[in-house]
Every structure is written in structure tokens, then in C-alpha cells.
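First, the structure itself, so that you have it in front of you.
Chains here go by letter, A, B, C and D, matching the order in which they are written, and residues are numbered from 1 within each.
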Amino acid sequence: METVIKVLDKPKLKNPVLIEGLPGIGNVGRIAAGYLVEELKAKKFAELYSPHFLPFVLLHNNVTELLKNEFYYWKNPRGNDLVILVGDSQAGDQSGVGHYEVVEKILAFAGELGVKQVFTLGGFATGSIEETKEIEVLGAVNDSKLAARYKDAGVNFTDTASRIGMIVGATGLLVGMAKNKGMEGVCLMGETTGFPILTDPRAAEKVLQALVKMLGLKVNLSTLDQRSKEMEEFLKKIEKMQQKALKQLSVKEGKEQLSYIG
Amino acid sequence: METVIKVLDKPKLKNPVLIEGLPGIGNVGRIAAGYLVEELKAKKFAELYSPHFLPFVLLHNNVTELLKNEFYYWKNPRGNDLVILVGDSQAGDQSGVGHYEVVEKILAFAGELGVKQVFTLGGFATGSIEETKEIEVLGAVNDSKLAARYKDAGVNFTDTASRIGMIVGATGLLVGMAKNKGMEGVCLMGETTGFPILTDPRAAEKVLQALVKMLGLKVNLSTLDQRSKEMEEFLKKIEKMQQKALKQLSVKEGKEQLSYIG
Amino acid sequence: METVIKVLDKPKLKNPVLIEGLPGIGNVGRIAAGYLVEELKAKKFAELYSPHFLPFVLLHNNVTELLKNEFYYWKNPRGNDLVILVGDSQAGDQSGVGHYEVVEKILAFAGELGVKQVFTLGGFATGSIEETKEIEVLGAVNDSKLAARYKDAGVNFTDTASRIGMIVGATGLLVGMAKNKGMEGVCLMGETTGFPILTDPRAAEKVLQALVKMLGLKVNLSTLDQRSKEMEEFLKKIEKMQQKALKQLSVKEGKEQLSYIG
Amino acid sequence: METVIKVLDKPKLKNPVLIEGLPGIGNVGRIAAGYLVEELKAKKFAELYSPHFLPFVLLHNNVTELLKNEFYYWKNPRGNDLVILVGDSQAGDQSGVGHYEVVEKILAFAGELGVKQVFTLGGFATGSIEETKEIEVLGAVNDSKLAARYKDAGVNFTDTASRIGMIVGATGLLVGMAKNKGMEGVCLMGETTGFPILTDPRAAEKVLQALVKMLGLKVNLSTLDQRSKEMEEFLKKIEKMQQKALKQLSVKEGKEQLSYIG
């Protein structure tokens, strides 16, 4: 089985840009992108499934759900249409190969949609943040001229390398691999404590403020804090399930763990 | 080498449903499906082999047997024909990719057979069960309307999400992935203590009672307890062998374990 | 890269049988098959390379050698020609998938050569053996009628399942998978202490005695003990190198091990 | 996604030889090859990307860079043109399969360029070196006649097997696998302490001296020590990032590490 994208609808999109927000540090990207989907009432039009996700189904009430990523679109009356990618899981949690494969599929699909620009949303961990301190958004790009273009968006493009040095997973690879496809890529990372157990709506809000400026969107961010509570519950549950699943799947010598599977 | 299905016979089946019972928690599903095969005198017609099974052969007397899953069919004079999947091993014990690949192959084969409904049988662990307590069967579906259809089968579809949250391995993935193939899926899980070393015929009986009601089958369950003893011996042996094989295959630095292989 | 077989010569073989002896418990199979190659002056005609072998080259003096398996042939004036498979390494030491893939390739190649029978040679570990005790050879087959055919070869086909229960790696899989190709398969395993560090020429001799009887060969076994000394040195070296390579390849968090590679 | 080579330019090369220097023990090979690129002002003409590299992007200032290997060429007015391979990372740090795949791709590409000879540069660890001692260069070849040809290059071809026994990773596999492609292969390894944290320009200089003699090049080595400082900083950073990435990617049971990804 390969990573597959199941297309539910084929919207005609006008100069679409791809915005990615998957689970990660502080779930900053996931919350920011998820809020955008809800606030803009974006419509789901495709789902991505991968053998590189953990092999279990989640239960929503009594209904099984494969782990998946979801593509939403929003028709922008005043500018670029949006394609928003959110999901339960990053690919390849245990395998570099999975990460590359899933990102490759996402970009191939984005290319078919006419996407020329990719924005990825995430967090970066600082260990601790003083409550009173202004939350910073670090930026990275796949072409140095982009930092200049977006210099008024309130993003720190100067200290990214020295502060974090690298970006792991889809958030980084999407921007890096986009370049080889001739797409512009921008990564926005909100400062957070880095305890993954804590989703961080404050960092998500800062990231969204920057994105909104860059894309000239009008999005009401006032309900983000409240809405992120619901997402937090859901994301915590998935994280707990992933831990539990990994425990069941990891086979220990001399332990009777083999039969824990399904 | 890919996961392959070796077809031994091509029966003509009438609206067949797929019933899966592979080794897992309390071996509930394996015993239930195995009993069904024996009691109905179902006929084997295909075998599944996978490089994602552990790389060893079992010995039955002096005869080597690759780890495999087996498909049986039973012609139902009064309703849907049955395809019953049992086996020595779940795929991909150490790899998510293996689980997805094997389940994909099973569903592709089921599709060719005309299967429109999948029932998977398994257990869920509670840590301990009072002997006197009624054993519960939790249910999950891949379409919410199915829970209503089967509401009289004695299955608890209400508490599944809160009690277990997810289903790991083939039992969950078969139901989850069936949806993307347009097949209905139902998962029935019998309550058991969860010590895999103990096969649990009582939980298997409860699961079978529910399945029999759902499918309108007539199956004499009175010898399940006795028959499950034999299966228990066999399943214990396989489990022990898997542990032993994993020990031989796991290479430890600084230890002389490389040469333990065959 | 796939597992590949590099064909050096295309001998015309008369009803060839495949004899396998790769490194394993007590190196019994490797020594037995290697001795056969030397004593019969069998000719190398093909080499197998696999990405599932560990990623290093051995040095023979100053010459690099990829890990490989080697196919030799011997034209038998009085019966079946022989194809003998020996090698530095079993495939897939860390991966079940590798074991299956390599065995699949070996059998596909054997099929092209016209092989209808496979004999695999190995050891089984007993923990300790009294010096004075007769060394036993356990046998396994992939078709129960074969045990009867070879009942006079001094092989114990009766206690195999109860004594060892399974056979891990190529020695087992070759016999098990041969069945699905319509080939007969016999596995001969010599009793040894199971310390891999000790190669066991006594067990290898017993295994060869059985093989020679089964195939009606005339092989002088008198120099096996002496010749096995040389092989022992070589096999010990490879084992040591594999340990060293694994150590270099295993990446430990927080340790500076990444750069140990080449 | 497969390992891919992105060709930026198609230079016409005259009897080109391939010189490889990737990160490894003491970063000897990487520094030596990197210095050659700079000193000869070699031109980049191709990049290799692999899903077997770790799944993160490096940040150079604010610009994301995928991990990659790079091919440079230099037109030699007096002899063989050079193709020099340098890079951030060896492939497959955690997987033998990755190492073989990347090396296979490199050699296939080299074959298309007309390469008939491969020189790989690396280090070998001695644990400690007395400061005053002459640094030794050990050599290995894929054809014994090559050692004789290069006997005047100051390389010790006599003690390689006894001193190191094997060569792990691309440095060894490139030479070993080159043989199966009909290419000559020579591996030059400079003696170093083996603490990977220390890049070792002295060993790199010795390796380059040998290479320069073998190929009849004129290269000014006087600024190697100084230039290697800059490379050292960069390589240390990558190594640190790899450690950090591995830590984020390695999923620990019972720890909240899943969400550390991006």
C-alpha cells in the first residue's frame, strides 16, 4: 500500500496557496490551521491516507476513523484561494522514509491544484516562556528574497537559524521540498514552551496574525482561544492513543506483549 | 517479495461477508473465528503469505509451515455465504507498514469475491474481570447507521469510544479501510482480562453469540469451550515461538547473537 | 536497489538439487556446505548481493568485498548435479522483510536452474552437550512423505517439533517457501551447544553424513575437522566485523556516534 | 519517494574519475573533498536527495535546505576530469537499505558520466594518536592490481585488513559496488583519533597528499588547515542537528515525545 490521496471534490481554484498545520510542538500549527478551516468555513475536498501512519483506527463515538490528513479549500473573493491541510497525525513517526513520502505526495497533489506557494505553520520550543513576554514568530523561507517580501508581517526572519537551526518533519520538509518543485515556501513558527501536552492557542494566534498579514486575509481571531479548547481535547486524545498503540506494537523480548494487538 | 494470496479454489459465493479472527488480546477473535470454521465445516480456499510476518517456519510434527493467514468459505443455505479469515499471525508485528499492506491485500481479495460487509472479531482488555460478571461485547462500525441496524444483537455500541478509544492492528484497520472500498464494517470485541497468555473462550463465545444474531446464523456454541482448549495449545506454541524468534533476530551489540539465526 | 543475483556462468545442470549452508548456530550449515564445495571442487557460477545485508565491505588483504552469498555447481557423474549455496551473511539480520526477499530470490533462481529439491543445513542449540554423547541430526521436511523416503539416513524426524518447534532464517524459510514453488524441501540440523562463537565441525560432519546418504554422494569427510579450522577463522572475523558495524550504525541519542560511519 | 539526482548542468567530461568525501570518522573525507572543491573552484552540477536522509531541513540564515549530497566537476587541463561528491549527510544512518540504495544511485549516475575510477576518502579511528607520530593513510582497492599501481603514493596497502578489517558506509560500499559495475575503486583512509566531534585536518591533508599523487594533480594544500576550520563549524552544526532530530523522531513509550515533531 502506498500513501494515497482520496479526492472527494474537484474545485476550480484561483492561484491557490497551500497552508499546512499538522500536530507538532504545542500543536501550534494544527490549532492555527484548524481554526482557519472553521472560521472560513472551508470545505473538505480530499483525504490523505498513509501506511506510514500508526496502524490503528480512532473511535469517534462508535465509528472507526483511519488516521488521515485532510485538504480543505476556501474561495477567496479578494485574492488567492486557500488549500488548508490539517490532520490527526504526522506521517512516519518512526521512519524518515515515511515523512519524505507523505510530503512528496502532498506537494505532487498541490502541484496538480496549481499551488505556487506553501505556508507551513508550527511551533518552536523554548523550554519556558514568561507569561508577560511577547510571543515571537520565527520565519524560514526556501528562497531568501521571500523574507524581504514579508518583512512587515511581524515575523522574525533574522534569528531563525541561530535559535532553532533546523525544522523537523512535514513543517520543514514541505518548505524545503517545495523549492525543488519551483514553489515558494514560508514556514511560520510560534514560540511555545514545548511541552507537547500543552496545546498553545496564544502561539497559534500569533502565527495566524502573521499569516493573515502575508496573505491579506480578513479573519476574526477573537474566538480562537475558546475554539482551541475543543481541538485540544481531541488532539490530547489522539496523542494518548498513539502512545498506547506504540506500546502495544512494540514487541518486547521476554514479555507477553505480542498478543496485545487487536 | 510482496504479500501474496495463493488461491486454492474459486468458489462461487452468494453475497459473501468477510469474518476475521486473528491472534490478539486473549486470542478472542482467533478462537471465535476458528470455532466457526470447525463448526460449520468451512472449506479452505486461499492462503495469505507476507514478508511482514516473522521470518521463521513452524514445525507441525516434522513438517515446516510458513506463517500464514487462511481464507475459508461456507455456503449458507439461508443467507449470506461466509468468508472466514483465520491465521497464525498478524502482519507487521514490528511495522505499521506491514499491517496496512496486509489489510489492503485482504480487502482487495475480498472485493474480488464480492464481499460488501466485513465483521472483525477481537478482544479488549480490562485488566481484570470478576468471574461472576457478565462479559460485555463492545462494537464499532465504519458507518454510524450500522449500529442502529444491529441494536438487538446484545452489543454495546455506546461506550466503545470512551472505554477503548482506538483499535490496533487488523481488527481495526480492516473495518476502517473497508469504508474507503465502499464496504460496511463492524468490529465486535469481547471483554477479557488482557493477559495474552490466557486465551479466553468465554469472551469468544459472547462475540460469536453477537455475530450469529447479526448474521442470522445457526451455530451450536456448546462445544466452544472444549474445542478452544486445543486451539489454545496451538496459539500458545506460536506465541512462544514468536518470542523465541524475535530474541534470535534481535541483534544486540556486544553480544554473540548474530549467529543464533538458523 | 533490490537483491540481485549476478550470474557468472550458465552451466547445464542435470536434475540439480540445491544445498544451502549459511552462517548460523555453531556455523554448522556453513561449514558443512563449505566443505562440500572444497571437497567436490565445485565451481562458483553466481553471486547474490542484497541491500538487506549490513552496509559494509570486508577486507581480504587490501581488497574490498561486499557481503554476498555464492552459488557453486558440481556435476555429479552418478546422480543429481548439485547447486551449493554458501555465503558470508544471512540476509536481513535486522529485518524479517529482508529474509523473505532474499529467500524468494534464491528460490526463483533455483527454479530457473531446474531445481526440484532443496536441502538446507543448519544447527540446533542444546545449551550443552556431553562430549561422549552421540550428536543427533534433527530433520524437517515440507511434505510429510519425504521423512519416510529418507528414513535410513540416520536423521531424527520424530522429535523435531517437540525439540525445536521452529526454524528461523533462511534455513527454515527456504524449505517452507520451496513448497509453494512445488519443490521438495529437507532441513538437516546438527546438535550443537549453540554458542555461536564456537563453530562446530563435529555437528557439521554428522549433517554431511546424513546428506551424503540421502543423495548417494561419495564424499571423503576425513579432512573436515582440519579444514573447518580455516573456515572458523574466517567466520569469526565476519561475525566480529558485523558486531562492529552494527555498533557503528546504531545511532544513540546523546552520543557522538553518527560520525563513526566511514 | 526514491533517492533522486537533480541534474543542474550537463558538462562534457573527459575520462572523469569520481572522488567521494562524505561526513564520517573525524570528517576526514568530507574535509579533504570539500577542500578540493574550493581549491580547484570545482562547479556544482548535480544534487542527490534521499528519503533515507533524516527528515528535517537545515537553516542557513533563514533559508531551508534539505539534506543533500552534491556533485561538482573540475576540468583537468592535464589529465582526468574530476567529479567530486560531497554532502551534509551519509544516507541511511539507521538503515542498511538506505546506504545501499544511495550508493547504487551514485554509481549509476557516475556510470552515465563515463566514470571508470572511484576514489573514496575517509578516516579510520585509532583511539589515540601521539601528536608527534606520522599520520598513516591506509588504502583498500577493489582489484588487487591497483595496490601495485599506486605503490608510490605513500599509502599503506599492506596492513589495512589487519588494522581495520572492514569499511562501513558509503566509503566502503562505493568501492565494493564499483567492482560490479566494472569500475576501479580505491579507498584512502587517514588515521585519526576517532572522536567524531573532532574534525581532523591533519588526516585530511595526508589523504589529499596521497590522492594528489595518484591522480597527478597540482593542488596547493597550504590553506587546508585554515579552511577546514570553517567546514568544521558547519559539520559540527549538522551533527548536532542530527542528534537533535533523532531525539525528536525517536518515540519513547510513556513519554510525551510524539508531538515534538515540527
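The criterion applied here is as follows: contacts are C-beta pairs under 8 Å (C-beta built on N, C-alpha and C of every residue); 3 or more make two chains touch, one makes a residue touch a chain.
On a predicted model such as this, the values are computed, not experimentally measured, just so you know.
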Chain copies touching (chain B, chain C) - same or different residues, decided at half shared: different
For chain C placed onto chain D, the superposition rotation in degrees, Cα atoms, nearest 5: 90
Geometric centre distance via CA averages, chain B-chain A, whole Å: 35
Between chain D and chain B, distance of the C-alpha-averaged centres to the nearest whole Å: 49
Multi-chain contact sites of chain D, meaning residues that touch two or more partners: 94
Footprint of chain D on chain C - complex, ascending: 1, 6, 49, 51-66, 94, 98, 237, 240-241, 244-245, 248-249, 251, 253-254, 256-262
Contacting residues of chain D [partner chain C, same complex]: 22-27, 29, 90, 92-94, 96-97, 99-101, 104, 122, 125, 139-144, 147, 157-158, 160-161, 164-173, 175-177, 179-180, 185, 187, 194-197, 239, 242-243, 246-247, 250
